[in-house]
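All chains are identified by letter, namely A, B, C and D, in their written order; residue positions are counted from 1 within each chain.
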Amino acid sequence: MAELAIELIGVNKHFGEVHANKNITFGVRKGTVHGIIGENGAGKSTLMSIIYGYYQADSGTIKINGKAERIRSSHAAIGLGIGMVHQHFMLVDPFTVLENIVLGAEGGMTLDGSLAAARTHLQKLNQDYGLQVDPDAIVGELGVGTQQRVEILKTLYRGADVLILDEPTAVLTPQEADDLFRILRLLREQGKTVILITHKLREVMDITDDVTVMRAGEIVGQVRTADVTKEDLADLMVGRKVNMHLDKAAAVPGEKVLGVSGLNLVDGRGVALLKDISFDLHAGEIVGIAGVSGNGQSELLEVLSGMRDATSGSVQFKGQELVTLKTREPKAAAYRKLGIAHIPEDRSREGMVKDFMTFENAILGYHDDPSVRRGFLFNRKAIIERCRRFIDEFDVRPALTHRRIGLFSGGNQQKVILAREIHANPDLLLIGQPTRGVDIGAIEFIHKRLMQLRDEGKALLLVSVELDEIMALSDRIIVMNGGAISGELPAAEATATSLGLLMGGHK
Amino acid sequence: FTPAVVYDQAGKFDKSFNEAAYTGAERFKKATGIAYREAQIANEAQKEQVLRNLARKNVDLVIAVGFSFTQAVQTVAAEFPKVKFAIVDDVAKGDNVQSVIFKEQEGSYLVGMAATLASKSKKVGFIGGMDVPLIRAFGCGYAQGAKAADAKVEVVSNMTGTTPQAFNDPARGGELARSQFDRGVDVVFHAAGGTGMGVLQAAKDKNKLGIGVDSNQNHLFPGFVLTSMLKRVDNAVYQLMLDGQKGTWKAGVVTMGLKEGGVDWALDANNRKLISKDIETKVNQAKKDIISGKVKVVDYRAGNSCPVK
Amino acid sequence: MSQPANMPRWASLWLMPLLNLFAALFVSGLVIALIGEDPVECLKLMINGAFGYPEGIGYTLFYTTSFIFTGLAVAAAFHAGLFNIGGEGQMYLAGLGVTLVCLQFDYLPAYVVIPLAMLAAIVFGGAWALVPGYLQAKRGSHIVVTTIMFNFIASSLMTWLLVDKLRMEGSQTPATREFAQNAWVPMLHELFAPLGFELPNTPLNASFFLALVALVLFYLVVWHSPKGFVTRTVGLNEKAARYAGIPVDKVVIAVMCVSGALAGLAAINELLGSTHRMNMGFTNGIGFVGIAVALMGRNHPVGILLSALLFGALTQGGLDLSFEKPAITREMIIFTQGLIILFCGALENLFQTPLSAAFKRMLKNQ
Amino acid sequence: MDMIFSVLDATLRVSTPLVLAALAGLFSERSGVVDLALEGKMLAAAFAAACVAYIAQSPWVGLGAGIAAGMAVAMLHGVVSITYNGNQLISGVAINMMVSGVTPVLALAWFQQGGRTPTLSDDARFTAIELPFADAIAHSAVLKTFFGHNILVYLALLLIFVVSWVVYKSRFGLRLRAVGENPHAADAAGISVKGVRYMAQAIGGALCGVAGAYLVLAQTGAFIQDMTAGKGYLALAALIFGKWRPWSAVLGCLIFAFTDAIQIRLQGVELPLIGSIPDAFIQALPYVLTVVLLAGFMGRAVAPKAIGVPFVKSR
């Protein structure tokens, strides 16, 4: 048997009453890519945080390279050659790449020396792994893909032998993900060990050597990837049969709901973010917008939802011109009243208030609705009832109306937002990244709900970086590149290759 | 016989009139062996409360220090006709109230003269605490004295601030003094409580002359304090208590000017060397003239204006 | 902060704050013992001074009234994520409004002039907060800096007005003339006299009820109305507020106005309830105490009521204490207040670890 | 010419304690800890410096005591804000009250001079030092400004350079900024967030110590109740004004000090066209100017992201 880089024996971790990790025992073979999968809240991140010294286990033993170690802090973990790329990047936004990389591993009291040394080292790493990262770029201004490379560089700079990646691909485009995997394979070739947490089974099948499956804090399976199929893993993970293929009936498009023509958006610095966008959207169809992130999709959603003013062009919604619409309240509120609902891309920062209770988040954006008020006060009972309905219908877990939503898992948070926007019975639903970071059980549910909505005759505009998702849900696909539409094709004709070409700007 | 003293917000140790009142009360205690009660208020509402409390606790004479007590004394005195009340620095109505007011302008006049006479640059300065009529009366008397000694003298005047904090900001006091020195002033008079400490310190640091206020501050920086304008709140309080004890206390208004020994200028060993014969004779002459009525010093408070700038 | 799961709710809600209060009193007791006084006796004097006799209670509640208003003012802004340090200046300016109305119209009957004065307090206080609010919303000027500056500016302005413009003829005190009786908010002892209750003569006045009403309204608006929902959304997550179609700028400005208006109402209690004239510096730090009151009260009306009461009691009990014990000066009381704020307001986690450990053990033993 | 010199000279003197306090606040706030306690730290330092300098008859020992006192108060703020995750705003307000209350009590008990300390003799103070070739440049008001101050003024000038070097060019500075922006990232990078924050408090305390000592040892020569008179808050305002950057914060302090110096000299002066303006308005000048500058030119101030948030390990 190959040597183990990391071995856990009987590790337990409680958060108050939550038993996040139950008696975990497993090993990671040196020089392999080891996948860890499981539903939201299964305890994956917690387990990795324990290895990285971020949390302390209540009991159990951790062995690194066969030697039992107590890892009291990230500092200690780094010393043991462990590096971690967190689910939420641990980067200092206003710092440059270089500064982020040397942070905590400066090597001297003065910065100039450390930075100069790091620059040389970084160049070498950049070359070795084919990473193109500008050391002087401000991290906050970089795209997520590049930010992730910075995270990886950080660990490599510290000489990590074991690299833990927590849902690294959740925010990446397929191209970026492919690139990441190329890097991971390179790392494996160099004898490094990689632990990869992901919700995407395709990735698990693609790159991992071994897989560990977690459910409700426990390990429910540990297998060689070669020995299993995707379906096996999905069933193991959720504990029931998962239907991974969406049955899609042909769309029956109705009347035109949205007509966008010649839409332009120029930002304060004079950069054109949207260029001459024109398309139509009909009732009863889903139009997917594909594209490498940062090519104008987000801005398009912002304009259509009223959060941002277009510079020129026309948006006709049910025959009404929106661009020149004069409103007393902010446009976002006015559009919502007209029947446009919006599930924002960045759900945790935009779509909800983490410190609010579930029931409060259930009315965010609809707080002025007559149905939730009584005179100048709220109708508390109606709100709670509404929230309870959301919870029941969308199977939000835990089913609590009075719990801070920040404490729910991402999938469950997403369900609450989805429920809220669908409940508004909009004619047009704008959806950004509906399943980012969400486990496959929840994805299955969300996809079904969206299809159902389409079949009820709603118009849906879907932005996602997951090509699989776009292809599975959409009736038509629009591809964006550089703020402009580079092509449009019926979903039936779309393939990953054809879309990929358009996304690259090849017409 | 139990007398009581009530200090205002500035506090017992304000290096100014509250402290002077405290000194007077202590002197009374030492002289007669009679203890007195004291209280200090922290806000507006407490004024009446404290006065009422003392009146109720069988205190015979309640002395309120500071013009901010006027209203409260009037109200409470009416409620307790048997208790004697006194207020320092303002006039309060009532058959059982004695009001002690000072002619600050007269004392200030004298030190103003001294300032001009001692000044080589013929520029003298005044630094007040908070910009209120009382402080303006100091400044106005000072200016009149200065101009009386030499009509061409220039009087530079500053106020420290607009909050009670202005009486407690020595750093700012020092800065104001320096700004005046930079403008050529070489003698500066302060009427600014604790802030004045900074003024006198700055005078010493810059080798200029300062003039103290309220109590005799000549000893603080011997050789650098030209003189002090004495405002004998201590005497007033002492006298009030003594009268109360002896039964000679009378309601009404008592004005303490030069004549009554309520204000004066200070000449002692600490500033003996600074005061030339010429200064001494001229100032003392002015003192006589004021007492005799030959010279009239205008009170800023009378018409809300000052005859000289 | 997450609630430690193994501590009952009552313990974290009541036991811990009480322990903190004791800790603060214990430390101040040490200091009192250090200067040679008996801490227990002092505590007794203080409590007795604040709650032991009707007059003491009257004064305690009078101070509480003002603190409730300025506390609510700070809390209101806080819910929108704004730290309004300008309560002092807003109250001062509100006092100007009240004064102007009273000087002009106090010949009118009470039911006209008092509401008019209240309106003026609200308008002036609100307006003085509006400018910093506007600058924050539209120009991004930091509210903390602008409100500090506005306090200074208010005090300059008011000094000038009181000394040179509004001062009573013939008086040297920088204060206005006394307002006519019409403008006086009825004292509680006057209100209750016809009912056969004899209350001592204290400045406690009908504004107290206004403060209680304000507390209830505050609760309803903040947690049970769309306006409050909108405010809290802006305070907690501005991006989400924009997403929800909330006009963030308008909310910031409006909340600052409300905050200033609340601070302004404290001027009613002070001017129309107690002094019946405008004195220089009548605000006397009440606006600043409001910060402590709001923070300690966790920006919740119940907490604000309790901490305002605590500060009221400290003000009144402290006076009585220093009255009986000359060695305990006003400064000692300030020190004690500081200690209480520190322990109860900032060190609330002090006993969390030992306490939850204790509860854990208790649960195990059962 | 003389007027210019006088104003610049005063600006330098008045801004010194503000600059020191603002730099102190910079460390604290850049580490993510709101520092309303600047006032209290300064006041405690002023008190300690006054007492010790009086007893030891040495300004240097007094300065040391001031620094120690500033650091002690900073540690209290640290324990509350960093170890016990307390509300940093409350901690600051409470500390200011405590120091304001306890210093006169102690002064009264120790010196019986009514909450003041005895006036220091020149030997126990920092007085102006005459630099060589001062006369040679006497014709230039601007240059002349830099001569004839006490050593602490020069120390403060030097410290501006040191601080901006430390913040931007040293390892500690990098960690400081990281901890204030994203403590979780710093923690993940193996940095002790609490350690850095305590260090920042200690440095800030020491700087406040110098500021407080300056008030007593250089300016007034004695401790007086509440003698900081809001300088801590002004320094904080300057820091925010300067968007938490050393040189900009210093600029803020200089603007305060400069307008203040002008203001003092404008009182009672007849201005052309306008005539004599009431002193009260002139006194409000620095504050009005600050508001105008903030509204007009400074743009949105973006605070260190983690400011005011206790660091708790969780997401």
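The rule we apply is simple: contacts are C-beta pairs under 8 Å (C-beta built on N, C-alpha and C of every residue); 3 or more make two chains touch, one makes a residue touch a chain.
Going by UniProt, the chains are A = ABC transporter ATP-binding protein; C, D = ABC transporter permease.
Every value quoted in this text rests on a predicted model; they were computed, and no experiment measured them.
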Determine the shortest chain-contact distance, in steps, between subunit A and subunit D (ABC transporter permease). 1
Round to the nearest whole Å and give the separation of the Cα centres of subunit C (ABC transporter permease) and subunit D (ABC transporter permease). 29
Take the average of all CA coordinates in subunit A, do the same for subunit B, and state the distance between these two points in whole angstrom. 75
As a quick test, compute the distance in whole Å between the mean CA positions of subunit B and subunit C (ABC transporter permease). 35
Geometric centre distance via CA averages, subunit D (ABC transporter permease)-subunit B, whole Å: 34
Provide the list of subunit B residues touching at least two other chains, using ranges where the numbers run on. 11, 131, 162
Note the residues in subunit A that touch 2 or more other chains, in rising order. none
Contacts with two or more other chains occur in subunit D (ABC transporter permease) at residues 104, 108, 115, 225, 279-280, 283-284
Touch relationships between chains, expressed as pairs: A-C, A-D, B-C, B-D, C-D
Residues on subunit B engaged by subunit D (ABC transporter permease) in the complex (per definition of touch): 11-13, 15, 19, 131, 156-159, 161-162, 165, 168-176, 178-179, 182-183, 194, 197-198, 201, 205, 220-221
The subunit C (ABC transporter permease) residues in contact with subunit A across the complex are 2, 4-6, 220, 224-227, 229-230, 232-233, 236-237, 239-240, 242-247
Touching residues of subunit A toward subunit D (ABC transporter permease) in the complex: what are they? 52, 54-55, 73-75, 77-78, 84, 86, 88-95, 99-100, 102-106, 108-112, 114, 154
Residue ranges of subunit A touching subunit C (ABC transporter permease) (in the complex, touch as defined): 16-17, 305-307, 329-336, 342, 344, 346, 349-356, 360, 363-365, 367-368, 372-373, 376-378, 380
Listed in rising order, subunit C (ABC transporter permease) residues that touch subunit D (ABC transporter permease) in their complex are 1-2, 31, 35, 83, 135, 139-142, 144-146, 148-150, 152-153, 156-157, 159-160, 163-164, 288, 291-292, 295-296, 329, 331-339, 341-342, 345-350
